[in-house]
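Reading through the structure tokens given below for one structure.
Chain naming follows the written order as A, B, C and D, and within any one chain the residues start at number 1.
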Amino acid sequence: MGILRLGYVHVRAQDLERTRDYYENTLGLSLVRREPGRLFFKGWDEWDHHHLVLEPGGAGIVKFGLKVASPEDLERFEAGLERFGLAPRRMSAGETYAVGEGVRVVLPSGHTMELYHDIEFLGTAVGTLNPPPRPRHWPGVGVSRLDHALLTAEDPALIERLFTEVLGFHVSHRLVTDVGPKGRLVATWLFVTHKSHDLAFIQGQPGKLHHFAYRLLDWDAVRRAGEILSMDDVPVVFGPDVHGLTRGQTIYCLDPAGNRNELFAGDVETAADFPTITWTTDQIRHASYIARFLREHHFSSVT
Amino acid sequence: MGILRLGYVHVRAQDLERTRDYYENTLGLSLVRREPGRLFFKGWDEWDHHHLVLEPGGAGIVKFGLKVASPEDLERFEAGLERFGLAPRRMSAGETYAVGEGVRVVLPSGHTMELYHDIEFLGTAVGTLNPPPRPRHWPGVGVSRLDHALLTAEDPALIERLFTEVLGFHVSHRLVTDVGPKGRLVATWLFVTHKSHDLAFIQGQPGKLHHFAYRLLDWDAVRRAGEILSMDDVPVVFGPDVHGLTRGQTIYCLDPAGNRNELFAGDVETAADFPTITWTTDQIRHASYIARFLREHHFSSVT
Amino acid sequence: MGILRLGYVHVRAQDLERTRDYYENTLGLSLVRREPGRLFFKGWDEWDHHHLVLEPGGAGIVKFGLKVASPEDLERFEAGLERFGLAPRRMSAGETYAVGEGVRVVLPSGHTMELYHDIEFLGTAVGTLNPPPRPRHWPGVGVSRLDHALLTAEDPALIERLFTEVLGFHVSHRLVTDVGPKGRLVATWLFVTHKSHDLAFIQGQPGKLHHFAYRLLDWDAVRRAGEILSMDDVPVVFGPDVHGLTRGQTIYCLDPAGNRNELFAGDVETAADFPTITWTTDQIRHASYIARFLREHHFSSVT
Amino acid sequence: MGILRLGYVHVRAQDLERTRDYYENTLGLSLVRREPGRLFFKGWDEWDHHHLVLEPGGAGIVKFGLKVASPEDLERFEAGLERFGLAPRRMSAGETYAVGEGVRVVLPSGHTMELYHDIEFLGTAVGTLNPPPRPRHWPGVGVSRLDHALLTAEDPALIERLFTEVLGFHVSHRLVTDVGPKGRLVATWLFVTHKSHDLAFIQGQPGKLHHFAYRLLDWDAVRRAGEILSMDDVPVVFGPDVHGLTRGQTIYCLDPAGNRNELFAGDVETAADFPTITWTTDQIRHASYIARFLREHHFSSVT
């Protein structure tokens, strides 16, 4: 019952073919469908039809989708979103290839969010009968799956209230200016799974994408990913490093359109009773650990 | 809503003090309470009061506890267990130190299971305000938390039905003698979180414990754990190795009483819509990967 | 000046093509030359023409070669071998493809050893101008280079004396039955480089090969190697594990002919003034660490 | 015969006690001796008396020592240094505690270098009889040994000629402005062991220290080191990262006096016949891999 995970992101890319080459051959995703002006991708360890759709344009996020556990969840969340004062609308099956009917809403942060239950099942690259632990070969990095996204919001506290009260998310981390009553919420990390975040929001211009993240196995995979990124002349903008906030082992790079990707391992393990962790902005150099400072571009540049 | 996780195990130990020394100084747990004949332990990354209670005796499991998300869950599960034909009984707050009221039931597998919602909150070793990613030092291996347990059952299929229909578990892996209708269920891996299993049951004598498992960060932590085990002359009975079934990176050892522990990293990432994986017994050498054979003791010796 | 390293081994294989497939596609060596009845291989990080020659036959070692730093070393070692009572003979350039003239001798252990200075230079797979840290792709495990070999000798002490007094080797480890005067030498680990051993000898039937070893980067590479070995149905006979003796991180497997290979990372760092380490046979379970026992086949089965 | 390794560095520190705390408790060295105004340190895997001496002052290098294999080497190198036009002088045993007699010379780069053969033997922390692979515990990072140093020179080509022609070093890497005859040597990496460098020189003001480096086991140890550095509020100035030039896995930090330390794993494996690798300054962003640019401070700031 409830939201299962961040299911997909649609992002814009200036040069679709060059960007395809990056996601397919550098990150190692599978191109599962081509439509005029749209490219669909899946990671090797995902069973749903796709998690990424590239659309024409400069850069930035078009929309994202959250998969829910049952059709009843759609109705329940639709009602909740309305009670919260938003204007959800039904979307038809097939508006996006392979995705069933759902609910679409524009968030107070300016992002378009879709809730859906049905999506075509493709299965993972290793199958479900006596599978090996991973594919024997893949091109490039071989990221396994979509992990999370970090978006901007003018009012992170409002978004936090929406996601926790209406959509059943929990808060793993909060970045505040102060722990006292004068503290202002700068960013919030929200989860429905076991991770530090399926979605996070940081104060900024509405409707923007800071990054979306792919899962890697561990710190050694982060190193090998960095080596592939360098061989393929992909701009690395942060890392390899360990985040204090989340314990994530991480490297950030840019796709050819300028969308920021994170390749992410480690992470704290959460649960519904996880005691929320507070970070204060004066300790931000430890939040993004080791290198101990949040580089300017890290939270100011969004596409 | 529902079950959050495997919260605790009570196991027997012949020599309580020697066994304490192992859990405290070799595995690196915190001893949080001593009672006459009972020792309580917690991992550094756990916030609940304890996950392990040592009780006097030879070896083997006394009981285990599942933490539920709300008091309502207790009522709902109590009713469900009764409908399944079992005889759940209410347990009072404080019967086990720090644990609130709950429901106790003897499973068809012969194990005593407790469901509870309240347990004293101690907090993790790193706290919730600008925490470092881990304690700077700990004795021994430094396992972070209880991960799962593997128990025996005369009829794994019955147990699987109980846990999925009544308690909301999902099945990540099934080990069968054959994929066709003649296939018999040998073992089942059950989860309520995101892991391959919070509990697993394998065919065998009723009421036995195969092992309970602790979480490690990654494959390198498995190596370092093995080195500590060896320095402390702890018998290693399997691994280091990678399981095909679960992708777990693993090493098994024995506590001084003879209870089997697994130290476990990696693992497949599951969800409520995870497509169950089937392993057939003819491929069992790949199920426990790399070394490619399930050593005799691995599934026959239980305490 | 002196011996640079173990340069090559010639081993026998029943089925040359199946064995080629293993070395080429599972281990990831490059096949650099085919001759009737001979296959030559090189690792991606080696610059000399080859380090492995497969020859027809059952299994076992035909001969091995040590590369020396200068032509003068050949003369010096030839004289030294004669003084030691052996019968070195000159070998002509081209007797083995790509190898220059040298000195061939049958050791007291029954093995044929060749010393040579010239061998055709092929260069590594990444070249010498602004190279990446590794090839972007390779088939299979991708071992980088030949590391060492373990051979048998009826009298390890005699061999140790030969290699240290005549050939300039140092001893990193000695396995003895006792540290006192009653101690008998069971095995000796000999180096000319910085490693624990370029060659080691263990008491046993003359002329046999226990294993030859390939270099991997680290413990994570050992895990990934094991996964490839399992996917390719290669028999793993030991490990993954950490040797107490050498600190080597290791996995052993069999080529299709039955020759034992070790894939090896870690290792102690030695120097000419390295204080020799003594292991006593009563501690042998710690010498091959973690699993803490030297399995029967480990030192008794040689090809 | 010849030089064995970089044996020690003497560096200045403003605040000896605070700097001692860093080397002892953050890096995990052993303080082996205190003299008025001098502190001596050793790593756990080193057998010689010390590799680091802290002396009073601001920051920077006082001198460094190369250990030679035999007393005859001292005479041979003394003669060679004179022929090269330098002015070597004999130093007496005991001028530095625990170090025997030797040869001292001021290099054309302005650094004081000492050659010595005898130094008191202390033994490693694990000993030479059935040793464990590492100490069970140590404070902080637990670096195992001194690895190399990078110094400045006005004329790197002259220094390269001195070290190769007189002292028997080999060149693993050269950084040049161009591969053609117009190419100027910017930096040179020199080895006598098996590593990419025991000493390296980069163009700059005479007599300066860029950094000296400690050995770590692998990439995972680099991560854990970074976490300790951050917990101890040590400034990290580069990394974690992988160098293209050397393949070193690395993190740089500053001691409390401002001397730069590198913690280093990985590294290319060299030999006397290693084919020298050339890097051109236009590819410098790949030389220090992944992050793909050599940050300004990396080669401009020296103490």
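In the analysis below, contacts are C-beta pairs under 8 Å (C-beta built on N, C-alpha and C of every residue); 3 or more make two chains touch, one makes a residue touch a chain.
All figures in this text were calculated on a predicted structure; none of them were measured in a lab.
Taking B-D and A-D together, the chain pair joined by more C-beta contacts is A-D. Chain A and chain D have centres, each the mean of its CA atoms, that are 43 Å apart. Measuring from the averaged C-alpha position of chain A to that of chain B gives a distance of 31 Å. Chain D has its Cα centroid 48 Å from the Cα centroid of chain B.
Across the assembly, chain B contributes 132-134, 218-220, 227, 230, 242, 244, 286, 289 as residues in contact with two or more other chains. The touch graph of the protein chains shown is complete. The part of chain C that touches chain D in the complex is made up of residues 1, 4-5, 45, 47, 67, 69, 121, 123-124, 128-134, 145, 179, 193-195, 215, 217-220, 242, 244, 247, 266, 269, 271-280, 283, 286-287, 289. Considering their complex, residues 132-134, 136-137, 139, 218, 220, 227-228, 230-231 of chain D touch chain B.
Residues 219-220, 223, 226-227, 229-230, 235-236, 240-242, 244, 249, 251, 286, 289-292 of chain B touch chain C in their complex.
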